[in-house]
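Since the structure comes first, as structure tokens, the remarks are kept for the end.
Just so it is clear, A, B, C and D label the chains in written order, and each chain counts residues from 1 on its own.
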Amino acid sequence: MTPEDLVSHVREATGLVERDELTPQGQAAVWVAPERWLEAATHLRTCGRCGFDFFTFLTAVDRGGDRGAEAPPPRGKPGRAQAPSPSVDQGEGLEVVCHVYAVRRQHHLNLKTLVPREGGSLATLSGVWRGANWHERETAEMFGIGFAGHPNLAKLELPVNFEGFPLRKDFLLITREAKEWPGQKEPEERHEEAKS
Amino acid sequence: MTGQEMAFLALGAIAAAGGVAVVTARNVVHGALFLVAVLAAIGALFLLLGAEFVGWVQILIYVGAIVVLLLFGLMLTKAPLGRGALDNQQRGIAAIVATGTFAMLTWLVWHAFGDERITFVRAVRTADIGNALFTSYVLPFEAVSVLLLAALVGAILLAKKD
Amino acid sequence: MILDRYFENAWAILGLKLGAILVLFLVAPIVVGYAEHKVLAHMQARLGPMEAGRFHGWAQLVADGVKFIQKEDIVPRAADRFVFTIAPVLVVVPVIMIFLVIPFGPGGWWGENMDLGLFYVMAISTVGVIGVLAAGWASANKFSLIGALRAAAQLIAYELPLVLAAAAVAMQAGSLSLVGIVEAQDHYWFVLPQIAGFALFVLASLAELSRPPFDMPVADSEIIFGHMTEYTGIKMAMFLLAEYAGVVALSGVATVMYLGGWHGFLVGWIPGPVWTFAKIGALAFFIIWLRATYPRMREDQLQKMAWKYMIPVALANILLTGVFKVVF
Amino acid sequence: MTPESRTITLPGEPGSAVAVTVAEGDLATREMTLNIGPQHPSTHGVLRVVITLDGERIHTAEPVIGYMHRGFEKLAEARDYRQIIALVNRHDWLSAFCNELGVAIAVERLMGLEVPERAQWIRMLLAEWNRVLNHLVFIGSYGLELGAITPVFYAFREREDIQEILEAATGGRLHFTFNRIGGLKDDLPKGFLRRSAELVRKVRNRLADYEGLLLGNQIFRKRTVGVGALPGNVAKDFGVSGPILQACGVAEDSRKTEPYLRYDQVEFDVPVGKNGDSFDRFWVLFRRMEESLRIIEQVHDRIPSGPVMPPKMPKTIKAPEGWIYQRTENPLGECGYYLVSRGDKTPWRLKMRTASFSNVSMIPYLLPGILVPDMIAVLGSVFFVVGDVDR
């Protein structure tokens, strides 16, 4: 299926898609409400036409933070017909991305949703794809997102007593705060410096 | 006292002391290792008495096989790693049984030989043992074979779970 | 005997022999160990030791020995100190005792000609496992314990084929004395009629020595050298010494049992001991070669091989030897 | 607790006791917890697997990772794209070139940048050499783990030759940093293709050594055939990719299914196994190496001349707003970069989807029920690099 067909199939079959994205590079994403997260994922897994049997990754993107207030405009092609619901609007929050692939049909899909920065929680997908288990653990420790029903949401890569959520934008790299990244600047910047 | 007698006494002392150590050791693995000393000393006693074959059988079977199996079993099941003691509540009964056995054996030996001095016969030849086993003692030998075979089959049956 | 000509006193002869065996016990493993370094290296497209002692690193193992002596003797805090200390001794002593009875040449080139030599070797060679078990347990390390348990399980697998193969040789030679067995091979080596027994004996010996492909008790990539994990310095060196001395000792026993001991062929002027040592060397080379070639087997595969193939073959071998003896 | 079972208290460590439930007719036993790693010869670095044992049979296995976590994803947010290329070639230190490639392609696609034809072919050539380089390590060390000590020396002999020519081209031995956004740092040095062609023949001739020592070895087969079999659907479920997935009989290789560079213009096969056991995994790795050599030969014949960088490159590389997921078939499996850009010269978020992470996450499924020696055979054939797991 082409990405367009795929998105419209998911939209029709589930009725959960609130917004979709199609990038110029031909990659597709569908947005669902966080409370319908598990339902949408289950459809992708079980539906014969989707056939998403390969779990690629699950992660999050911090949309807020120091630049959160700028509220970037929507990217990619805007979704069709349906207006985006407030829950998946481009506001602050943590965007959760789950990327899956169908080996036989050879198509990809990004399943996305937005959860609030504080106390954000989703149903776990570890029952849908076993591979989600570790990816959710990683996302939980890095972003502070809860995954309800996860069998073991312990820290995966960070030390047990680590505090904070490193991949959020408000978690600062302390050395970078004290000192600018010492790497060479862009050619044009150096050029400007030399001129001035 | 001849050198042989001195060696006999020394080995006997080692065996006896080892025996005491086996039962007093708080750690079962220590006990098993003391048992090695006891069995080796007894094997050496056999050698000293010229029963070379029996002596080396003692080493091969008891030290080489039985104690190894014993240690194997202990390590698989009970013995904690490294230091650490194990004990149970059967000391009293064990003491009674041991004393009884010791008394009986002493009485038996005393009754049979008394003050009689045993003249030392030089070395029993292995060939003679072989001949004896397969001529005059062939029936007991075969009986033991059958018994061992039965034990083997039984062990396999027990080990098979289904 | 050669020594009788020069020495009257039996004790002096005994002392000399013991001294010679001790020297052999200390030197032979170093030679075999160095050979292993070099042979493995050349089989693996590298050079091996090249520095110590200038000429092709001949002094590498001497240097290693010096290093081992200098190392700190560490006893883990949780270990059982007494058993931990005594275990290397328990492993080394039986190997020395095997050296006592191997005849290296005709006319007294042996420590002791025992009537029951073969039986003695079988009995003594099993004792070393107790040292391995003790070491594994006393180290208070789970990897060591697994290694020790594997060693014990391995003993059960290889001991029977080993003894049965030896029994067939004893029948063939009509003697249990190692000197007697060599003398019985005057006309032909026992490897010819006992080829199956020879294969069994070498395989079982490899298992006893924990040499590849039967090195499961010390498998470095699984259980990190098993019972040797916690040992350092001189105690570790004793384990290594026992391993390489064991290679020499069991190669020696196999030489005596199957390869005609000091009997040579074609050229008559080469003295007997040279033949013996050459044959031991050839077997040791074979053992090293195996290490370069084969991966490690699994414990249950060894058990299966021992019980399903080696023991039946050994029994059939005994039967055939018996028939052979009666008919001819 | 079933009616036929009973609870028995066993002596535990000094001063404690353990209660166990046993079925009727069974002996009461206690499981042993064993830490494999973080320092263990067979974990290739600092991976730790906590296993519980019943005898030598594994009951449960739980990998503990993170000992090498270096926060690459966070660091990438503070670096521009040129610097990121030097950063990402470090997570899987055995396939540095392929790692760089993913980021470069992702940024190029996001920018809509046209990469010169010659650069595409050179990239393919170096990526395939890098693949051989990587596979040789695993082929050698897998033998070592099973106790065959010789193949590793042969593997490193070949590796040295390959590293030499890669060094000649890139100047680096481990971290090449040869990709640039838009192309490559330099053209190939003079005579490179000839050396490369000679090396292909040399390596191919020597592959027979490995066949004899490992694939054809009876004990090796006994140790690996049927050990740690992984069904294909479970592999996909865990996101396991690369040689492990192909060993399960799934011919998934992004060089075929979603060709990047010029993989659609060269001929090669995707080897697939039957049973997904350790032997198949190893066999697939071996065959993949041969296919790589095949690709390299075709590149030699067909590489065009021309520049290796686009004529007009912006001085500052800023990826436009948007996101992209770019996957490449790395030696160890699917390596993907999920790049979110807000039009800056640094990425807003760069998620690294590494093959090893997913491969290792499957270990708790694969290990229970097998023996400790088999665990080594399985761990060694679940090809992973710890840096690639922890990032």
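Observations, loosely collected:
Convention: a contact is a pair of C-beta atoms (placed from the backbone, for glycine too) under 8 Å apart; a residue touches a chain by one contact, two chains touch by 3 or more.
Values in this document were obtained by computation on a predicted structure and should not be read as measured data.
Leaving out chain D only, the groups of chains that stay linked by touch are A | B, C. In terms of the distance between Cα centroids, chain C is separated most widely from A.
A comparison of the B-C and A-D interfaces places the larger number of contacting C-beta pairs at A-D. Between chain A and chain B the centroid-to-centroid distance comes to 73 Å (mean Cα coordinates, whole Å).
Spacing of chain A relative to chain C, judged by their CA centroids, is 64 angstrom.
Computed from the mean C-alpha positions, the centre of chain B lies at a distance of 27 Å from the centre of chain C. Separating the centre of chain A from that of chain D, both taken as means of CA atoms, is a distance of 24 Å. Multi-chain contact residues of chain B (touching two or more other chains) are listed as 76. In chain D, no residue touches at least two other chains. Shared contact sites, meaning residues of chain A that touch two or more other chains, are absent. Put simply, chain C touches chain B in their complex at residues 76, 78-80, 82-83, 86, 114-116, 119-120, 122-124, 126-127, 129-130, 133-134, 136-142, 145, 148-149, 152-153, 155-156, 159, 176. The part of chain A that touches chain D in the complex is made up of residues 23-25, 27, 29, 53-57, 59, 61-62, 67, 72-73, 75-76, 97, 99, 103, 106, 108, 110, 129-131, 133-134, 142, 155-159, 166-167, 171, 173, 176, 181, 183, 186-189.
For chain C in complex with chain D, the residues that touch the partner chain are 40, 43-46, 142-143, 146, 212-213, 215-216, 219-224, 291-301.
Within the complex formed with chain C, the chain D residues making contact are 32, 34, 40-42, 56, 143-150, 153-154, 157, 213-214, 217, 219-220, 222-223, 371-376. Chain D makes touch with chain A in their complex at residues 65-66, 69, 71, 73-75, 78-80, 83, 109-110, 112, 233-234, 236-241, 250, 252, 257-258, 315-316, 321-325, 327, 334, 336, 338, 340, 342, 345, 348-349, 351, 353, 357-358, 361-362, 365, 390-391.
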